[in-house]
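Some notes on the structure that comes next.
Which chain is which? They are A, B, C, D, E and F, in the order written, and residues in each are numbered from 1.
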Amino acid sequence: MKISARNILKGKIVEITKGATTSHVRLDVNGAIVTASITNESVDELGLVKGKAAYAVVKSSDVMIGID
Amino acid sequence: MKISARNILKGKIVEITKGATTSHVRLDVNGAIVTASITNESVDELGLVKGKAAYAVVKSSDVMIGID
Amino acid sequence: MKISARNILKGKIVEITKGATTSHVRLDVNGAIVTASITNESVDELGLVKGKAAYAVVKSSDVMIGID
Amino acid sequence: MKISARNILKGKIVEITKGATTSHVRLDVNGAIVTASITNESVDELGLVKGKAAYAVVKSSDVMIGID
Amino acid sequence: MKISARNILKGKIVEITKGATTSHVRLDVNGAIVTASITNESVDELGLVKGKAAYAVVKSSDVMIGID
Amino acid sequence: MKISARNILKGKIVEITKGATTSHVRLDVNGAIVTASITNESVDELGLVKGKAAYAVVKSSDVMIGID
């Protein structure tokens, strides 16, 4: 599937923390760590494991801008 | 302000497209382009301009994971 | 790409309204109309046009429940 | 209350999975399964149970479009 | 409709700015200004006008916490 | 950091409920209770505790409008 989300950042899974219903998946994207909070089912269904290549996908309306 | 959002990616503004009420701000984050859809007012209030250093800020519950 | 979003609803595009930066795309999903607010660029890049088959994709953390 | 969210899909609850703080509620909407990730409190307060009629409510800015 | 969103803040509309497809609606909530970015259609369909009582509705997964 | 989010509501933390991966933080904002669903890590990293002053931060595209 090709998706309308503007932000698709390639990385590698460095950590997966499973909770009761929600997992936190951490990707290394060019040295920056990106954290995704997704359902446990998604983790299982996509077969996500540490070391696997994956993309962080974010809709542009969910991105804010910060300045120092 | 320090914020709970888990994803704060440092970059540089490479493009700003203003619409009637909504602007698209593009950041170069380590070579990856990140697009934020924010209000025109935020662009003005933060003084965002091309070339300025800025952060893309995303709550972890807004990040999905994709695989090939 | 396979994505972690839990909700991927198959439908057909019935209307596209383009604004200055943001488009509204309406899908008919089994008789229900689903509206997506996405960037104009996504519309162009995915080649979205009226009549085309498409999916409405929603992360489960963005779905609320209502009752009468 | 009448709400601005553009997507209000009528369905029936087919499953509720409660976690420590977050529940996953699955609705059958015309044969498609829609998953909502909401707080346990909402589940209790709305009296959500399997078999009950309910709506999946989604803001249009949270809907993405995918194509094959 | 009763909705699962945890945050329903009562206020009064103080300003509406219409764009090409997206409107910004500002509410005064106990002296604090809350801005909502919603579709023009929602503004029309709900008959939103300056001075009207209304609620700002936010899903708890869309609320971040900041500290000084 | 100064952030583009239009809604920054000052309040005081009145309750924190920790789950397996996700916490619910409740703020009293001028007498209204605002609930944020954030990661346990954010709670720890920001040192959030009951009684502490904090802000509820919400992007305007995540605010809906309701009417009676």
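Here is the rule we use: a contact is a pair of C-beta atoms (placed from the backbone, for glycine too) under 8 Å apart; a residue touches a chain by one contact, two chains touch by 3 or more.
Note that this is a predicted model, so its numbers are computed, not measured.
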item	value
Touching subunit C and also subunit F, the following chains	A, B, D, E
Partner chains shared by subunit C and subunit D (touch criterion as defined above)	A, E
Inter-centroid spacing, subunit D versus subunit B (mean Cα positions, whole Å)	29
Mean-CA-position distance for subunit E and subunit C (Å)	22
Centre-to-centre distance between subunit F and subunit B (centres being mean Cα positions), rounded to whole Å	21
Residue list for subunit C, restricted to those that touch at least two other chains	1-6, 8, 19-20, 22, 24, 35-39, 41-42, 46, 55, 57, 59-62, 64-68
All chain pairs that touch each other	A-B, A-C, A-D, A-F, B-C, B-E, B-F, C-D, C-E, D-E, D-F, E-F
Touch list for subunit B against partner subunit A, complex	3, 5-10, 24-25, 27, 29-32, 34-38, 42, 46-48, 52-68
Contact set on subunit A toward subunit C in their complex	1-6, 8, 36-39, 41-43, 46, 55, 57, 59-61
Residues of subunit C defined as touching subunit E within the complex	17-20, 22-24, 35, 37, 61-62, 64-68
Subunit A contact footprint on subunit F (complex, rising order)	1-5, 19-22, 39, 41, 59, 61
